[in-house]
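As written, the chain order gives the labels A, B, C and D, with residue 1 at the start of each chain.
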Amino acid sequence: MAPMKIVALITVIITGGLLLYATGDFPAWGDPLSPANNSALSRHYIEQSRVETAVPNLVTAVLADYRGYDTMFETVVVFVAGLAILAVLGQGTSRERAAIQRSAERYQERDMINIMTARLIVPVLQLFSLYVLAHGHYSPGGGFQGGVMFGASFILIALAGGLPEALSRLSIPGALLLAGLGVLLYGGTGLVCMMLGQNFLDYHILHRLLPATDAVMARYHAMLIVEIGVAFTVTAIMFIIYAALSSRGRMTGGL
Amino acid sequence: MVEQFPILIELCPLFGAILIAILGFRMPKLCYPITVLAMALSCAAAIGTFMMMLASPSGTVIYDLSGWGRVNDTAISIEYRVDALSALMLVLISSVAFLNVIYSKVRVAQETPSKIPHFYILYLLLVAGLEGITITNDAFNLYVLVEISSLTGYALIAIGSKRAVISSFNYVIMGTIGASFFLLGVGYLYIKTGTLNMSDIRSIMEAIPDDSKAIKVGFMLIMIGVWVKMAFFPLHGWLPNAYAYAPTATGALMAPLVTKVMIYIMIRMMLSVFGPEYVYETLGWTDVVVTLSTIAIVAGSFFALSRSDLRKMLTYIIVAEVGYMVGGAWLANSQGMTGAIYHLLSDALMTFCLFMVVGIVVSRTGDPKLTAFQGLYRKMPITMVGFTIAALSMIGLPPTCGFFSKWYLLRGGIEAGQYHYVGALLFSSLVNAVLFFRLIEMAYYHGAHAHGEPIRDEDHEQYRMHGADPDSQPKETLANAPWSMLGPMLVVAIGLIALGVFNSTVTEWIGQVVANLNVLEGAN
Amino acid sequence: MEFIVNNFNYWIYVILMMIGLFAMIAKNNLIKKLVGMTIFQTAIILFYVSIGVKGEGATIPILSYEQVHGTHHVEEADHAGEDDSHHAQADLPEIDARTITNPIPHVLMLTAIVVGVATLGVALAISQRIFHFYGSLDEDVILAKIQKGDG
Amino acid sequence: MEIVTSIIPLLACLASLLAVIPIVVFRKSPNLREAATVVAGVAKLSLVLTMLPGILSGKVYEFTFIEIIEGIPLQFRVDGLGMLFALVASSLWILTSFYAVGYMRGLKEHAQTRFYSFFAISLSATLGVAFSANLFTLYVFYEMLSLATFPLVTHNQDKEARSGGRTYLSYLLGTSVGFVLPAMIFCYVKSGSSLSFTELHDWSGVLDPSAALLLLLLFVFGFAKAGIMPFHSWLPNAMVAPTPVSALLHAVAVVKVGVFSVIRVFTGVLGTDFLSTVDVATVVSWAAGATVIISSLIAMTQDNLKRLLAFSTVGQLSYITLGVSLLATQAVQGSMLHIPMHAFGKITLFFCAGAIYVATGKKYISQMRGLGRAMPWTFGAFAIAAMSVIGLPLTGGLLSKMYMIWGAANAQQHALLAVYLVSSVLNGVYFFPIVYRAFLGKPADGEMHDRVKEAPLACVIPLVITATVSVLLFFFPGVFFELTTLMISSKS
């Protein structure tokens, strides 16, 4: 065995042993009264969020409001990932972009079955992703999930009709703009709260601006706004990641 | 508006990045002014926060995001907490980042001309991540921000040369291991305490028996996580190549700040989350960790001695300096901790200054080898003045801040009776002396006379006075660097001396944070 | 038996995590390293999600309509106007926290998943770049090339 | 003891530092530049002199800048010993300045502006050491002096100068950072946050003998400028510097800063009373004694005049360390007195070596046969100064050596007493042949001294003055004597 493997094995055994050793001290699996499950924090979210935010999906409430600051950076992480990939791989020169235009015209020559299937699926997929986004308050879903699905619809176009085809619908600069707007929508919501005299991301004050009846509903609506922002960014970046990785940054050809 | 300073520190770079993302790809000329403006505002907000902290009677400023506040003394949303330590770090990070932007304008345009908007966006977000790490009081938020700064860091390194890409990959692997261990450690704390707010974790942990295995392993995981990320020997493997081959501007930002911020996390975890009693007394690992740091210092110094590439040499010095700070923090007395924190500040400035100098030298001579320094004093006097000050500080000579940080660390080491640490510290100072005087000597004398013999005539004096050198290469290639590079470097060089002269003020601020360590000593 | 049930989940996570860690350190192929990294991160997600589980009988962290709006008709709740929070709370049915899964780990892991994806994406981009420069994804081959002065 | 808060010590220290500005400004007109040096020297000396009457009447001048570290201010405090040293250094600076003008111009040296600037900075550092009120302040100026003299040592910029400079810095910085710094912090920790020379005394009960020994050795070897073997070899290597540098810095300023610091350690930091209770200073005595004998023996083998003088200096420095380590009152006083006595003697010898070099370009003793007849003034002064260094009657060197011998006898250290006596004989053995051959020897084949003339007046006058002072000190040692008595009496 190579020395590196022995080192790795020893490291793994020691770490694993350490982690197994600590499991003895954990509360029983599924214990509703364990410190984590029965903490004041957890109970507060379960019992109070319906009063404080009127959102039935507790995960959405915690994600977009109580820990909204985290989620903003989560969006930033996605944004960074896309940008980082473009920075590492490059985003195509103008000559290559012209080539994209030309090859997009040859779209019709691609495989018919693929294209027709994609034509059928893409609208449904996009519609469903909008549903997932909008219904995040009531069911599993929200900006990330909706955004990923929307991004997937562009990826499907690229798979079926070639990357240039997808790029002619959502160009890289366009996607970057969309991603930036998404983060701006999220951060801007927080900034508006600050301009109205409250702390950053304190949505309740937005009832002055939003068609919301009161502070609670203002939070409810603001969460949707930030989820939409997240969806913008995720959609754009998912597509950028695919486009860059599948073409090694040249933005032509594709699978 | 005043009470919004803490969040503004973070928002300025964030919105700066968004603005560039929207405008910068169409108008690349706007990237630089936006970045400078964002960093300047962030820096101003950091200073404002610092003032707030000083003015506040408790010495801490709490900023509550999402406006939920505390219910039954539990923080239900993420909050910011600024005490003297984090305020100092914020001022440090924002001012270093601000100066580095100005410094790196020319280099960015030279090194990555096609990726200017990418560079500035990633740069701003990296700074936002580092500042966020410093200011947040939420353990999980800390993880997210660590990942932001890591991701941006990977990319900023990878846009460099061919070698930079492969070192960036190593950094990704090691960084992910480090961050994941940290995340796992936070999970262990969460499973035992049910909260993520660092102050709350601390108060809940008081009730948990000291011999809890999960807490112990959680602490270990967090420590190993940050040690990987700070390149604590022998977990340092990723650092030298990553920083040495990164673009100049990236190296000058990441080398001084990233490892220091990780050390900050370690100190924050030790002081504010686990508490000194737990870390120093219950666990009883101080001897082991101080010994490890001794090894780190000695090993880092040895590696530094054997390098002929300037930036490699500096990166190994960073490895040794990490040992200083880890050791200082684990000496289990307030002097050592003061020294570690003070060294955190001074080492960041020293490393920054040296990386700026190396960046200037490499950009002017095109040679990253030590020999690039030959006879540079004549050709680039201002740069060399900055270099000399930073080098003196690295060696630890008064009145630069390097001397005082060593003073506190040595004092802590002697008080704790850790003489091997004291010895290692002195050894490393001597190694630094050898390393830097070799360079200073080269810069001042080598190559000044190509033929080895001194020139003893009035002509020579005349030449020197008019700035020309009779037997040097043509001057154009070595003309002094632009002021946008020299200015920031000189500011930092002056800062090194100022930080040294006013060290008692700084340590007084630090004293607010390490005061609870003195209680511990009293108990002993 | 109970001991096994209580800890089984945690053991699985440890084993998965160690598989990932081993791959990250020991494998020569960069892509295999990244596969290991993903396993490693997923194991942590498994661990976190395990924390929030609440035995049998607990449901997903989404409240029912009645639990949010009370048993009254929806117009009435709206009718209460500005100061409805007190009023509404009085009418709302009691929620037994034990019947609803802890939402916090789920929230955290949503973030962690995103971070993982982002890291993986950047890492893949970097390995593509490495392949572009060195023509290989094998660490030994790349190191040999660097040592030959091809770096 | 009356304490006067006064800014004069600061001004005296700054006088030479500020002189750097006009020196650099007037870099293109050598006359003005050198005038600036001289003016600063006169200003410095007169500032020192204004404090002299006060000091003699028992006053102590103090000046505090800021508290640098908790409990340690950056502070000046002028007492008898500091005054003694400052007086010697600042008065000799003026003479050296004149001499330097003659020497540098005579040899058409390069980079003269740099030379004068760093020379002035070195003087400031020297006075800073002399006036330091605590160990920390002393350390700061000590390091400043090491750095400021580095460009002077490597002035020639050739290979030899660089390697000499490297040895110079690595010894001085290595020992001060490696030994003095930890020892100082150890003192600071153990004494409860103080490093002041007036407050640190009572170590009984705090330090056991082995700790005291370790601390003492760290200090004595750490202040490597004092040249105790094996940390002496920087001094011969530093002789690559131009002669004015060797003369002032390596016969007066730098090396005397070393022994001055050692004296401070004995009298101010650890305290002679404490040291006599733990009985550890003998180790230092033996190390110093060995250095005295060995360096004298090495000096006998040297042909390069400056290297010979360097080894002679190493031995003379160890006289001082030896004297103070005997802990007997007379020996300590003798040590202090030896600072000015040796300074005037040794600087004369260096001036002479430089004058010979300027006039003839000769560095080696073997080339100097018969040269005395061509350069009577220079070699006359050389003879007088050599007598002073050996410790013969009618020169100042006798007085200090007598005191040290007296102290050794009192301390019942007969072996060390023998060291003083034997080494004096050895001194004679290596100095007299030079004088003898110079005046009476015949030039070697092919060596003609017909056209040799005395060096420029700017060189000769200073060396005549210092030689005269060496003699005068025998008859009128008054001021220096009083200053040292002041130190001895104020202590007990």
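Basically, a contact is a pair of C-beta atoms (placed from the backbone, for glycine too) under 8 Å apart; a residue touches a chain by one contact, two chains touch by 3 or more.
Just so you know, these numbers come straight off a predicted model, no measurement behind them.
Counting C-beta pairs in contact across B-C and across B-D shows that the higher total falls to B-D. Per-chain Cα centroids separate chain A from chain D by 74 Å.
Annotation: 32 Å between the Cα-based centres of chain A and chain B. With centres set at the average Cα position, the gap from chain B to chain D is 43 Å. Of all residues in chain B, those touching 2 or more other chains are 140, 144, 147, 151, 154-155, 158, 165, 190-191, 196, listed in ascending order.
For chain A, the set of residues that touch two or more other chains comprises 19, 24, 26, 34, 36-38, 41-42, 45, 67, 70, 74, 77, 80-81, 84-85, 88. Along chain D, no residue makes contact with two or more other chains.
All chain pairs in contact, by the document's touch criterion: A-B, A-C, B-C, B-D. Residue ranges on chain A touching chain C, taken from their complex, read 2, 4-5, 7-9, 11-13, 15-16, 19-20, 23-24, 26, 28-34, 36-38, 41-43, 45-47, 50-52, 54-59, 61-63, 67, 70-71, 74, 77-78, 80-82, 84-85, 88-89, 138-140, 144, 213-214, 216, 241, 244-245, 248-249.
Across the interface of their complex, chain B is touched by residues 27-28, 66-70, 107-112, 139-140, 143-144, 147, 151, 154, 156-159, 162, 165-166, 169-170, 173-174, 177-178, 181-182, 185-186, 188-189 of chain D. For chain C in complex with chain A, the residues that touch the partner chain are 2, 5-11, 14-15, 17-18, 21-22, 25-26, 50-56, 58, 60-65, 67-68, 78, 81-82, 84-85, 88-89, 92, 95, 97-98, 100, 102-107, 110-111, 114-115, 117-119, 121-122, 124-126, 128-129, 132. Listing the residues of chain C that touch chain B in their complex gives 17, 21, 24, 30, 33, 37, 40-41, 44, 47-48, 51, 104-105, 108, 111-112, 115, 118-119, 122-123, 125-127, 129-130, 133-134, 142, 146, 151.
Across the interface of their complex, chain D is touched by residues 392, 395-399, 404, 406-407, 410-411, 414-415, 422, 426-427, 429-430, 433-434, 437, 441, 444-445, 448-449, 452-458, 460-461, 464-465, 501, 503-504, 507 of chain B.
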